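Next come two complexes, and both contain chain A; in the first it sits with chain B, in the second with chain C.
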Partner chain A sequence: MSTDRGIAAPPSGASARLVDRGDWRRFVAPAVVVVAAGGILLAGGLTTAAFLTVDNFLIIVRAASITGIVALGMTFVTISGNFFSLSVEQTAALSSIAFAESFAHGWGLLAALGCSFCAALVTGAVQGGMVAAGLNPIVTTLGVGAALYGLAAVVTNNEVVNFDTTPAVTWIGTGRPLGIPTQSWAFAIFTLLATLVLLRTRFGRETYLVGANRNAARASGISITRTTILAFTLASLAAGIAGVFTAAQITQAPLTQFSGLNIDVIAAVLVGGTALQGGEGSALRSALGAVFIALLANFMLLRDFTYGERTLVTGLIVVVATSAFHLLRTRGTR
Partner chain B sequence: MALLGENGAGKSTLVKILTGLVRPDAGTLAIDGQPVELSTPARSRAAGIAVVQQELSLVPTLSAAENMAIGGGHVSGLWTRRRLVRDARPYLELVGLDYLDPAMPVESLSIAERQRVEIARLLARQARILILDEPTAALADVEIERVTQLVRALADEGRSVIYVTHRLDEVFQIADRVTVLRNGESQPPVAVRELTLDTLVARILGRPLEAMFPERNRSDGDPVLQVVDVLTDGLAAPVSLTVHAGEILGLAGQLGSGAPRVLRAVAGVQHLRAGQVSVAGRQVVTYPIRRAIRAGIAYCSDDRKRDGLFPIRTVTENLTTPALGAVAPHGVVVRRREKRLAQELAGFFQLDRRRLDHRASTLSGGNQQKVALGKWLGVRPRVLLVEEPTLGVDVGARAEIYAHLRTLARDGLAVAFASSDFAEVLGVADTVATFYRGRLVRIAPATELSAADVLRDVTHAAAAKAASA
Partner chain C sequence: MNVNVANLLPRVALAIGVWVVFALTDENYRRVDNFFPVFEGFALIGLVALGLSVTMLAGELDLSVGSVAAVAGIIAVKQSGLGLVPCVALAVLCTAAFGAAQGYAIARLGINSLVFTIGTLIAISGLAYVMSDEQSVLIDLNDLGLSDTITNRLWIFSPFSLTTIAAFVLVGAFLSVTRWGREIYAIGGGRNEARAAGVATVRPIVIAFTLSAGLAGLGGALASLKSGAAQPGGYDSVLLAGVTAALVGGVSLYGGRGDVLGVAVGVLTLQFLLSGLSSRGAEFYVGSLATGGLLLVVLLVELIVDRRQVLRYMRRPAFSAGEP
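Coming up: the complex of A and B.
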């Protein structure tokens, strides 16, 4: 009897306390996203002739993959309690420009890949280091993002960098092994990898713990600095990969190619239900969120929504998702 | 009236009903014989009920006077600084803070003073029924006395006070009647003079408590933790201590005594300014915390909410956090090992294994404390340092935690804990070190010290020195 003393059943009426009420919430977000995505598919198929065609589907899948790959990286930043990186859009642009410039200079594929990934890794690690040192993640990445954009503009003289493609680059950009675009293969593989890293590795666990309670993580001997730097580096690297895929696909690197990616990625992560305050969330859910955002964007494009209208909708989704999950969470604790 | 009960017995729920946060399923409430409806916090406030929560609701950057004006509901004219100060003063005097400048920001006050500002604020709202929810949980003994005196004075003035507490000695000092809650049911109220400590504990637990403190059986082992001439923030003079295998050292001191600082410096939570720390004869570097953990030093803080627990993660994850290296060799978490470790720790600390997958936030305070303490055994430490081991923990879980500390010491650990509860220090520790204002006053076997000795040491170091000389 004495073993149960501290955890004796609470009085009737309060028995709900024994049940972990956070559990069902975990499934609300993905369920909403799947239903909403289904809704868009239905609406798109019924109202828009061009929507349910093979060509359009490839476009959607590619777009979802690019947003999705970056969202996977961003998930680490969000789970680790550092909100978002607001420089992934600019990092992707910089990487694509590094890739294109390398080819324009006549270097090989490996050198080009090395350049773009190095650019991404360095910017990510630097931002992670700054945030780990105590700087505000939003302001830091906002500033670094602006600086990166400026740097890219200076390097390219504000011109679109074109380059002569090679068979390998063409395959990376437009290849379709088994009928599925390379971007989507990468997206699927990265989703699996990110899920495994988050759930099954020490780094993944530490990412959750740092986000759940930074002080407790430090007191348990977890390095906040290492976790933060790694999280931002992964987000940056994901942006770099997105940059390379896009540059390879269109064989050029315009400076503004990725405009709107930051907000799309944030929307994907939030719609997926990863907690804004960190400590909870999953890669799979961010991936679902990205698919939803891509479907929506494509539907709006085909329905001739203007750029302003599309941005308005995406912005509203971020606001609604944030408020909805905030309400779910606070209701749960009271 | 004092309201008592174990964690999870329903005290907080009752308080929530009275403040209008929770609707009662059945039953009626009456004030002065008149039935009242307390369906919202505003109605509850209008009925004259006010609560001092465990976590104070003052805004730290605002002054005491400004804090008292917030939510006061008597907004007319301008909130001039002078007017706020004038309005605040009589109530501050009422709670014994007449020396305080009402224009000072609240963050510059001690926790005990803030508590009294909060009470003054409720008095300013003409509260007739005051509910104090564990007002002394975060206070040292001397400050507790001030709070209890204030409570007594308020009751003598004709206000009703409902006092929720885990500290039973307070009950005898201040309460007229006691209502005990057990498993959500109230026991008939009793007058305090009809009770002894033992009968009170028996009422709370529903059975007699054999003994609060476990039997000492100190086996004189080798010295494990040696602290030589250590200086750190909050210490005024170097401190040297030795803890042997099998020994429990109790560091007694009030807030500001520096007792917990010694533990924090040894654990690498704060910088060691000077001195050496050795574990089993080998000198170790303890900063940052990782290195202290690797050296076999485990430290459980006094504030599990701040840095002891991951409330939104599962109990299992909480329990395996310090030992992640062992659970995840080569960086990959082995589920089987993780589960086994969590089961083992839960078994040792008598936590319900069925709740290992639940979030830590769903556990009661006592069980949360067991998790915050128990997780450290996963790293197989040689030294266990605990700060305020039973803060906000009910009587039953408290006795369990004492027993665990003793078992761990018996298994060869060197255990040291800092506490401002002197009964706890004298009852649990083999050796007692007393601290006053950043200085070590004396080290002596617990059996050779009386409660009066400890109290004298931690309040008047100079007098204690003179007496022992």
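Coming up: the complex of A and C.
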């Protein structure tokens, strides 16, 4: 099925099958994630005293928020049938540097936000344009990521950019309205927004159709180019937002601050069960995936797992989850 | 060998062009001695690019090569007491066995290799950190002679770069002369047509992923022994370099097209560029910018030159009778 197209071909859905909305299988992936998260909560509560505390939950929620916000953006790329982007961590770093540099130059908050979001929008639109022209999304974003990293290092002389914070920036970075971190508010709001966009807007429905069946989408007059560019722009914008939040939180922009974000975000989207061949998935699933990955990471951290052990477990879960979801999907249509 | 001369010539010209640009402006760069570091870089990236190319010829891509190279390096350095050949052979056997299992899983599940190998990239990278206790694994002081053996200089070559050249010859012969090698081209060029013509589809994919993991393992093992230390995160950048070199060398991401001679030229082009930049005192991140930039330029050129092939893939009828 999907292998018939080779890696370069934009997947046009599992043999032109459109998503059957009444299919019970589409509830399996989210249900598995919820059950697994419940299992971790149970295991954590029974074995680790520090796990089921309010403080620890705030830590988990904040950790999930940054990954989650970017995963929401990546969901558009994945649903539109373009697998995933390997440049979101570099985009986030570039945006945080743009934010910090603006402040270091004495510009105001609005100019700083404008600069960082512009940087993200441009990189996203360019990548979307290249992929829409027929280039492989993974290899394109791999190259763009390396170039962006080099560019950011050249601009900053590979040094950490520090800036003097203002009350507004402090609030963005560390504020806690109603006791919940601003990042988590943003994560919740963006989950809602992304869900609404995917289900209730024309662009959202076009994204599903382009991912499910590229040719049918083209035949019905949908612009594949526009949908692809918008999807990559949203992913980049989400990375930019993550970059701004992080820069505001730590009042500096180290180049390597986001290293590992690409992998975390892809893991969140894959574990959430958004179909990698496109056309199927939801913002809520990616959000759930991000929370699951954060829960798991936090649990393993409290159980004194090393970095290597945590990465190994996460990787194995990604392999098993994607294989299982893939089998679930293809068995139903064979 | 089925070498496409018209395809190869512009790539050779590019390689020479890059060399000339740096040679004209840098006296040290044009000395024959400078080919030694170029071929040392060629040795590692060449092995990775060679393996990646085989998966690309089959219409797949192995994203896990960097993690696999790191694990191979740790195995080889930890077992250096066995002697040079046994410890390298052990590392290559382990990684090739993993590659075979990975290829079998991809072929049997019918899953997209990009999706599967991004998962194994994460898992194997974790394994590398676990095996090394999260730190550099240093070679046993008694075995430091191994490093000398690998770096032993023979004119502009070393045993390391000669091993890589031998690997290119062997893999090139395998791909163009043997039936199993031709199957890899066949399933990459048109999988449904190949299947209809009776070509096995599992075996070529298993072979391709075995080669990519085994060759990355060979590169990681030799490079780690050479430097006397294996770092668990030390080979994260070889994927970018390998893919770039393969694409510069004319291996098509659309599968079925390319040859090892082109890959060798591609790796040399990249190494001429990187060594030229570093001989001018450029920082390491300029190399990242240059490699990423080169990759994007090659992609765009391929897009323009091969517009027809790209369009054929983009507009591929979804309901064609050939589809299973």
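Note that the second predicted complex is superposed on the first by the 312 of 334 C-alpha atoms of A that agree within 3 Å, B and C clash if a C-alpha of one lies under 4 Å from a C-alpha of the other, contacts with A are read in each partner's own complex, and residues count from 1 in each chain.
Here is the rule we go by: a residue touches a chain if its C-beta (ideal position, glycine included) is under 8 Å from a C-beta of that chain, and two chains touch if they have at least 3 such contacts.
If you're wondering where the values come from, they're calculated on a predicted model, not measured in any experiment.
Trainee: Is A:V313 touching the first partner chain B, the second partner chain C, both, or neither of them?
Mentor: So A:V313 only meets chain C here.
Trainee: Which holds for A:I266: it touches chain B only (first), chain C only (second), both, or neither?
Mentor: second
Trainee: Classify the contacts of A:N158 with the two partner chains as first (chain B alone), second (chain C alone), both, or neither.
Mentor: A:N158 contacts chain C only, not chain B.
Trainee: Does chain A have more residues touched by chain B or by chain C?
Mentor: Tallying touched residues of chain A, the top partner is C.
Trainee: Which of the two partners, first being chain B and second being chain C, lies in contact with A:F83: first, second, both, or neither?
Mentor: second
Trainee: Once chain A of both complexes is superposed, is A:V144 in touch with chain B (first), chain C (second), both, or neither?
Mentor: second
Trainee: Return first, second, both or neither, reflecting whether A:N215 touches chain B, chain C, both chains, or no partner chain.
Mentor: both
Trainee: From the superposed pair, tell me which chain A residues show up as contacts to chain B and also as contacts to chain C.
Mentor: 2-13, 213, 215-216
Trainee: List the residues on chain A that touch chain C in their complex, please.
Mentor: 1-13, 15-16, 83-84, 130, 133-136, 138-140, 142-151, 153-154, 158, 213-216, 263, 266-267, 270, 276-277, 306-316, 318-319, 322-323, 326-327, 330
Trainee: Within their complex, state which residues of chain A touch chain B.
Mentor: Listed in rising order, the residues of chain A that touch chain B are 2-14, 17-18, 20, 22, 199-206, 208-209, 212-213, 215-223, 275, 279-280, 333.
Trainee: Over in the complex, which chain B residues touch chain A? Could you list them?
Mentor: Contact set of chain B toward chain A: 6-8, 10, 13, 25, 183-185, 205, 269, 288-290, 292-294, 299, 301, 306-313, 317, 321-322, 324-325, 328, 331-333, 350-352, 355, 357-359, 361-364, 366-367, 370, 375, 394, 396-397, 400.
Trainee: So in the complex, the part of chain C that touches chain A is made up of which residues?
Mentor: Within the complex, chain C touches chain A at residues 56, 59-61, 63, 105-107, 109-116, 118-134, 188, 191-192, 232, 239-240, 243-244, 247, 252-255, 283, 285-293, 295-296, 299-300, 303, 310-311, 313-319, 323-324.
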